[in-house]
Amino acid sequence: MSASKSILTRFSGTNATFWLGLLLVGTITLTGLLSLVWTPYDLSDMVAGRLEAPSWQHWAGSDRLGRDLFTQLMIGAQIALIVGCSAVAIGAAIGVTTGILAAFATRFLDDALAAFFDILIAFPTLLTAMLVVAASDEASLGTAILALGIGLSPIVGRITRLLTKQVLSQDYITAARVSGSSWPSIVFWHILPNILPFLGVNLALQFGLAVMAEASLSYLGLGAPPPNASWGRMLQEAQGTVYTAPWGAILPGLAIFALVIGVNLLTDGLRDRLDASRRQV
Amino acid sequence: ALLTASALTLTPAAGLAQDYTPDAVVNIGSLYEPQNLDNTGGAGQGINEAFNGNVYEGLFVLTDGGDVKPKLVESYEISDDGLSYSFTLKDGVTFHSGDPLTATDVKNSIERVTAETSSSSRKKSLSNIASIETPDDKTVVITLEKPSISLPYNLSYVWIVNDAATDISNSEDGTGPYQLQEWRRGSALALVPFDGYWGDKPTNGGVMFQYFTDATAQNNALLTGAVDIITSIQSPDALSLFVDNPDFTVSEGASTTKELLAYNDRIEPFNDAKVRSALSRAVNKEKLLQAIWGDYGTLIGSFVPPTDPWYVDLNDVNAYDPESAKALLAEAGYADGFSFTLDTPDYDPHPVVAQFLQNELAKINVDVKINIITANEWYTKIYKSHDFEATLQEHVNHRDIVFYGNPDFYWGYNNPEVTKLISGSESAKSIDEQTKMLTEANRIIAEDAASMWLYLYPQIVVSTSNVSGYPLNGLNSQFFAADIKKVD
Amino acid sequence: MTLLSVENVGFSYRSGKPVLEDISFTVPRGANVGLVGESGSGKSTLLRLLLGLDSPQKGRILFDGAPLEARSSGYMRSYRKRVQAVFQDPYSSLDPSHRILRIITEPLRALKIPGDHRQMATKAITAVGLAPDSLERYPHQFSGGQRQRIAIARAIVARPDLVLADEAVSALDLSTRIRVVDLFEEISEAMTMVFVSHDMGVVAALCDQIVVLDKGRIVEAGLTNDILRAPKHPYTQSLLASIPRMPAGS
Amino acid sequence: MLKYLIRRLVILLLSLFVASVVLFILLRLLPGDPANALLGVGATPEQIAAAQAQIGSDQPLGMQFLTYLGDLIHFDLGTSFVSRSSVLDEITRRLSVTLPLALSAFFLALLIAVPLGVFAAVKANRWYGLVLSIISQIGIAVPVFWLGILMVYAFALNLRWLPSGGFPLRGYADPGRAIESMVLPVLTIALIMSASLMRYVRATTLKVLGSDFLRTARALGESFPEAFIRHGLRNAAVPVVSVLGIELSTTFLGAVVVEQVFSLPGMGSMLLLGIQQRDYPNIQGVLIVSTLLVLLTGFLADILQRLLDPRLRQEAR
Amino acid sequence: MTQDLLSVQNLSLSTADKGLVKNLSFTIAPGERFGLIGESGSGKSLTSLAVSGLLPPSIKPSGRIILDGQEIVGAPGKQLDSLRGDAVATVFQEPLTALDPLMPLGKQIALPLRRRLRREGKPSGRAEVNRHMRDLIDQVRLPDPERLVRAYPHEVSGGQRQRVAIAMALACRPKLLIADEPTTALDVTTQDQIIKLLTSLVDELGIALMFISHDLAVVGQMVERVMVMRNGACVESGLAADVLTAPKDSYTQTLVDAAHRFDAALEGRS
């Protein structure tokens, strides 16, 4: 079956989710990128009145200090993306390395590492993150990211280990060994490319988790300090003004929701395609 | 309860002879849960709110109006040199455990506060007590090293605790109108009237302090009738729900809570009064107050609130004037500005205030780095180690200008003139003399811009309209519950 | 001349009962030897030993007169140049993420064999009857039979002396199977081959000698024709009797 | 099975040991000396030294670790620096809120997710199957505290059906109010959790629906509902059980945040307060107990899975 | 000839975007043994699923299938449920996945057995079911029945599993037994036993058989008539003896040639 045809025929069905996901994630990504070069106002400029409702001047209204909320939402997109991407990158760097190591290790070490992943997973991501944040001298975006990354790593590790074991049992690995390839080159040329699609799907899910966890951290007051306009912090700051200025709490909530659901939909779509391409012939 | 249905039963119980229900329990919402039950054990302001005057009583009481009156003291005499006080205790006072009040209890209670292991914030004010003697069961004689005009005031927050009581952190044995019924950490603390109370019986059937970790949840509880009173509203946005609503009573009391930016006056560049003045002038405090409190709150230009006898309006000293701020800064040698780290407690309103300051000071090229810390870190890092450049804090206490007379205080303000005035005021012969000296001290610290005093919080109490008789000012975090009346 | 000789080999997987016991046979240079036996009899395990992927716990394997040292990487490099393999499952034996060119030239790269790799790959792929433009495509674009050809091309590209094939045609259709068997026949002219299968018919068509394994032991070994005509061991007899035959006819 | 049980128990204990080591190390990384926290404001150096001696933070790390382990074995979690009351007592009291909260949310989530997930799988290519999966997608993307805030707004402030937060002073001695105050938090967690659980149930059910053995049963004359109930459910349950352990730990996590929204005196608010106050014994105690609980659920899930699936039982031998 | 048990007319199967089986027609008389041959993916399994009305929902049939006098295509689910087990039962290729991994084998055999006894109005108490089950186990020549009924699928060998699957199908006493490559996953010796078993059982019980395989020799041994399929269409059909000895179609010819070559090799005549 030809690839282009399958895309067209699937467009209407399950792949609607893919496109919707792409639309959401794409919009947020573009907004985040745009915020690097342009925002309607300066983040800290107190240009509006106190808690103004959305208007033509201030699309999302203003906060207590009269700062433009739309600007904060844009910067928030940037921060959410940075947090998601870097936390996942850290989680992946640690998780993939240990996961592959475990898959290769002798039975004892493998068991030990596998159990270790399980134990670390027993500390839920957010608790790990809370601890790490508390353990660092100053709460900053960096510590929050590091914390989330460390929190995600055992999950990634466990999945990597399983995927690697699956790939290791394939004949092409034996074939590569018989062809004289060394273990490092097998890892690099055969294992990584083959676990990547599945791992990627999973990492995308972890991305959603990380964004959500950062929001929770910020909500609990353990996240990035001001002036970082993270969506979770915006929510926390707006919580006291839910009655007088509900948009301040609704919009960041919707933004988190849109990003997470966007990533999940995108992931689902990707997974469907991946399954389809693996099923070929 | 499927709603205590405050809104419905409100219509004043027509025809009823009594104007309150004697056994109604009053629910009080608070954000300040005590950490333990011992006010000398780092329990926080919450324990004063719940226990002071309710469970424990002092020899004197600081009334909600700000007067110091005898409580457990029947009468007292001061020696001519002002160094010796002889107190006669009231008769018929018993502790909740049934023990009668004796002079030894008083002696021990005072020594508990001044003890080395005590972490009472008032320890220092009592440090010039030379000795306490108990010639008989009803008499206590305190000898001072130096005269202290505010000894009765200072004794108003010394709880008289039964000396037979053992576990003060987790239980109580006081003489107050209420005794502790139960405390569930993280949730609530309940007091019930004490049958053997020596004074007037409370006008309610008990009080329950319900604790919240955030103001929104607290407001919700008041809205849904889960609590009857909120002792101090934390934002004007919440107020809009209650103002002009016949179901609720909003009252404004006299506040003593001051928001301030405290510099570490020991270090460069904050040891230079010019720099401090410049910063003060660069910040539009009116705008800040508007942002945080809308139409509430007041600007006082100094550390002394209008309830203190030594208050004067000092708003004109170092008033908002960015141009002169720049000039002053240049004069002090910082024409290009400088940068400092602002340690900011992590709870409202400090982070928002910090951002406002950051923005204002940026206009005179002063770069502020915001560092969010927890209340606990604030105590260890700033209050104890003095390891900071500048910080934000709210100071709730009544008559606390004395802190500027203590060069070892966390902000390290050291002006010998002020120190002398403040310590001298303690030995003043009369209230007038004391007031005069402290007014002078107040003026000097304002001119010196010892700290940047941002605004005075409003003191707003909101209750459902079926309760009355509660204190409005909440001086020193006290909240006397015995006179609260509730119609059920 | 003996190319490979297996002497009293015994093997068991970690903490398990022996999978192979006292296995001895020889593979003459240029010959095709078939290893038959039912599922679980230890055929694949034996092949892994021959490939140096595991080491026997008992006995030894001699290649070209010298013992196989699976633990010496220097020895293994030269051994790999001379011994290659084809596996059973055409779907899992090719890495789905690489182009055919990469897959076929992997032994050349890994063993640092000099020369124009693309040219050698083209030669190998035409030798197995596929068009040279196949090199640019991915495994999923080929059918099972074609994939098995690609696997064979990979095995022969480095011109080894010995090719080991594990159930290399079992997963294929009858019509495809016959074509791949033909291909094996063709390439085995130039080299020695050990062919593992449970399909007696295929082994009979391809091999000069047969080794019959049952439960980890050799029950019978010898020339194909001898064994087919007069199986001595009862196991071999039942094996032969079980094979379904076509109805007699033209 | 017995042998497996013993082996699994040993692993459980080992895991707990490792977890407590990790905790010990993490907690020693927190800045500041715990003695400072203990004394609060205005302590002299002598007092600090005395306090350090009292809590042992002046001892070498190895020694500290040994005492820590020794205490753990006796299930002595120490005394809170701030409240000066026994950590274990406090945790027990708080658990009486968190455990019912998490467990009832968990079971409610199961109650919602299993039928809906199965339904969504069986009707996967109908529009309502699609609608269900969309709803579960939405549920996954909603931050739990946000839903909590909305719940308060809707059910407590507008409809006035339920309290907006808090927990009765007398706890379960006041059953009506205790239950009332649990309803919204439980619903909040359960809704969020059931979303992800439902997705999982749907996926495993779909897998079972495509399985050969279900086809065999139907080929021999079983009707679809019959075959599904007899063969499908149990088979779908096996993989679901294996994630329940992790799901339950997520519930505990949800509880941390939700307790904050609803001002519930549970373990979550205890932990948060502990972190804010640097109250080491409290943080340590909460984390050890919650890790123990999570590991224990993992253990139970494993056992349950083994009871359901004879293949695993054999593997273990 | 009496009424056909199964009559398939112009059967086509297709997904939304692709035809999988085209215009297939064949009949099976009661008690007849019919073979379906073809390479992998030629549509053999789909055809057999269509006959028992178990096509996956994404595949739509057209044409007619009349089984035991009833139309299958487009029939409501209830009607098909009562037809399956009674008129037709199937043994599938992979014995491990075809059995419920979580249920003891005895119980799996008992389920269809009890259904049949109920259908036939016979007593279906536990004792009866057990007695019949013993008979069935004997019939398919399974050793050690005591252990077997309590064992789970993974605890017995592939051949034994396949026998259990056959026993389950026979428990239904269907008029038509479909065997979809029931021996492909097995060793030759086991395969041989199963084939012999199946042949003798259908003879004994007078059941019609639809046997599906890609192995010509196996099919040749078992059936009277065959149909050869390729790419979803029939290329040739007729008496097994004719088709396998003198194929008319060129594709059938290559298959037959190939099979003969291996046979010849076995005779030592290569």
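Going by the order they are written in, the chains are A, B, C, D and E; count residues from 1 in each one.
Criterion: contacts are C-beta pairs under 8 Å (C-beta built on N, C-alpha and C of every residue); 3 or more make two chains touch, one makes a residue touch a chain.
This is a predicted model, so every value here is computed, not measured.
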Checklist line | chain D reached from chain C - shortest hop count over touching chains | finding: 2
Next item on the list: Give the label of the chain whose average Cα location is farthest from that of chain D.
Entry: C
Next item on the list: Indicate the whole-number Å distance between the mean C-alpha point of chain A and the mean C-alpha point of chain B.
Entry: 45
Item checked: Chain centre separation (chain A, chain C; CA means) in Å -> 47
Next item on the list: State, to the nearest whole Å, the distance from the C-alpha centre of chain B to the C-alpha centre of chain C.
Entry: 88
Notebook entry, point to check: chain B to chain D: how many Å between their CA centres?
Noted result: 40
Next item on the list: Spell out, as numbers or ranges, the residues of chain C touching 2 or more other chains.
Entry: none
Notebook entry, point to check: Considering chain E alone, which of its residues make contact with at least two other chains?
Noted result: none
Notebook entry, point to check: Going by the touch rule set out above, which residues of chain B reach two or more other chains?
Noted result: 214, 346
Notebook entry, point to check: Which of the residues in chain A end up touching chain D in this complex?
Noted result: 115-116, 118-127, 130-132, 134-137, 208, 212, 215-216, 219-220, 222, 232, 235, 239, 242, 249, 253, 256-258, 260-261, 264-265, 268
Notebook entry, point to check: For the complex, which residues does chain E have touching chain D?
Noted result: 52, 54, 56-58, 77-78, 81-82, 84-86, 88-90, 92, 94, 97-103, 111-112, 115, 152, 154-155, 165, 168-169, 171-172, 178
Check: Which residues of chain D touch chain B in the complex?
Finding: 32, 36-37, 39-44, 47, 82-85, 90, 93-94, 152, 156-157, 160-161, 163-171, 176-177, 180, 260-266, 269-270, 272-273, 275-278
Note to self: Applying the document's contact rule, which stretches of chain B touch chain A when the two form their complex?
What the structure shows: 214-216, 234-235, 237-238, 240-241, 287, 290-292, 294, 344, 346-348, 351-352, 354-356, 358-359, 362, 370-372
Notebook entry, point to check: What residues on chain C touch chain A, complex-wise?
Noted result: 14, 51, 53, 76-77, 80-81, 83-85, 87-89, 92-98, 106-107, 110-111, 140-143, 151, 154, 158
